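Right after this note come the structures.
Same chain, two partners: chain A is paired with chain B first, then with chain C.
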Partner chain A sequence: MMQGIDRIPDSAGHIVMKEDGAVVASGGDLENDEVMADQLMRLTRLSLKVLQSSNSSANFRRLSVIWDDFQYVITVSNHRVFVCKRRPDPVV
Partner chain B sequence: MQTPDVNDRSRLLNNPVGDGSATRPVNSYGSAMPSQQKGNEQSALNQILQQTASDIIDVAALDSQSLEHSDYVDRARQYSNRLTVMCNTGRTRSRGWMPAGVAAPQVVLASPPVSPLDVQLVTSMAEHASQSVREMKVKHKEDLVVPFTVP
Partner chain C sequence: MEKPLDRHLEELMSTPGVTGVVCADTKGLCLAAKGVGERASSGLFSSIAQQAAQLHPDSKTSPVVCLETDQSMILLKNHNSVTTAIHKTLS
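So, the complex of A and B:
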């Protein structure tokens, strides 16, 4: 179910959701964060909708929401939304 | 400290409503109704009885109004058909909208993040685009209303 996303090296938290928005698993900073889960789900839905309306075959592989010191990376797999909050080392 | 006639049983109000000094309301049931209206009263009672009987849902008697067997089978089939249709549409709606996506989410999520240069590029492009849109203006060149020359 987790598919090892809790073992990503610079991960600060993760959420796995079903496509109806139900949280299947969560951990780290995002543990039991229903509000964040809802917002990330809405963002994912919106992105998919925008892509599907422009080109039916297009789809994103990874969606990155980038902040100064961390980022949310989102991907869809097997009708589930996998979100990981990462704190990558600052690239010099 | 207490005066002798004031104790816990003495009345706090001097003239309570119920002590008989106030005038009682006239008993409107017996005295106000003349005896000749007794028949009307009887019919009114019957009416109430009938109304009550028609309002009652007799649960015990519902069993007697059983459906015909063919009707029962028809309805059962109709309901199960509708249920199947509803289930199918619900599933396709909830399953269909999201693409299958990638095969290995952990690999995609763990792959190196978008490089800062790319982020910078996207940010600057978006800024340029928004600035261009903001500076877009309509230039007045010729008259919008053109008078037709009527001969």
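So, the complex of A and C:
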């Protein structure tokens, strides 16, 4: 069910949701964060609308929301929305 | 009045990989567009940028939103009440 999202090395938290927004699993910083799950779901739906409205055959691959010190990476697969909160790779 | 904005858009369009640019205000009104970017999507771009900023409203900076497909990507950022969407091809 989790598809290994809880084992991503630099993950600070994760949420797995159904298409209707119901949280299937969560952990780390995002554990039991229903408010964040709802906002992330809204963002995902808006993003998918962009692709639908552009009449292109492009398939949704990934949505990233990037701040200086962390980012949310969102993907959709098998009727599930997977969200991972990640810290960026340290710059040498 | 629009010349500085047009000049910035031309500059962006000359960047390798950039295929289109759309600028929208906070209400989704399209301020300028060039290339493949659809003017009709300006409302969605503005909504996405605002929704992304709502994830962490205490943050001093607005996030960059990157929407990737198997062929291209759209980069979104809100700055000074203007949302800019940049369409890029995947290199």
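Methods note: the second predicted complex is superposed on the first by the 90 of 92 C-alpha atoms of A that agree within 3 Å, B and C clash if a C-alpha of one lies under 4 Å from a C-alpha of the other, contacts with A are read in each partner's own complex, and residues count from 1 in each chain.
Keep this in mind: a residue touches a chain if its C-beta (ideal position, glycine included) is under 8 Å from a C-beta of that chain, and two chains touch if they have at least 3 such contacts.
Only a predicted model underlies this, so the values are computations on that prediction, with no experimental measurement involved.
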{"item": "Chain B versus chain C as contact partner of A:54, first or second or both or neither", "value": "second"}
{"item": "First, second, both or neither for A:8, with chain B first and chain C second", "value": "first"}
{"item": "Chain B versus chain C as contact partner of A:62, first or second or both or neither", "value": "both"}
{"item": "Interface residues of chain A shared between complexes with chain B and chain C", "value": "59, 61-62, 64, 66, 71"}
{"item": "Touch list for chain B against partner chain A, complex", "value": "94-95, 97-106, 108-111, 113-116, 119"}
{"item": "Residues of chain A that touch chain B when the two form their complex", "value": "3-5, 7-9, 19-20, 48, 59, 61-62, 64, 66, 71, 73, 75-82, 84, 86, 88, 91"}
{"item": "Complex contacts: residues of chain A adjacent to chain C", "value": "36, 39-40, 42-43, 46-47, 49-51, 53-54, 56, 58-68, 71-72"}
{"item": "Residues on chain C engaged by chain A in the complex (per definition of touch)", "value": "38, 40-41, 44-45, 47-48, 51-52, 54-56, 59, 61, 63-72, 74"}
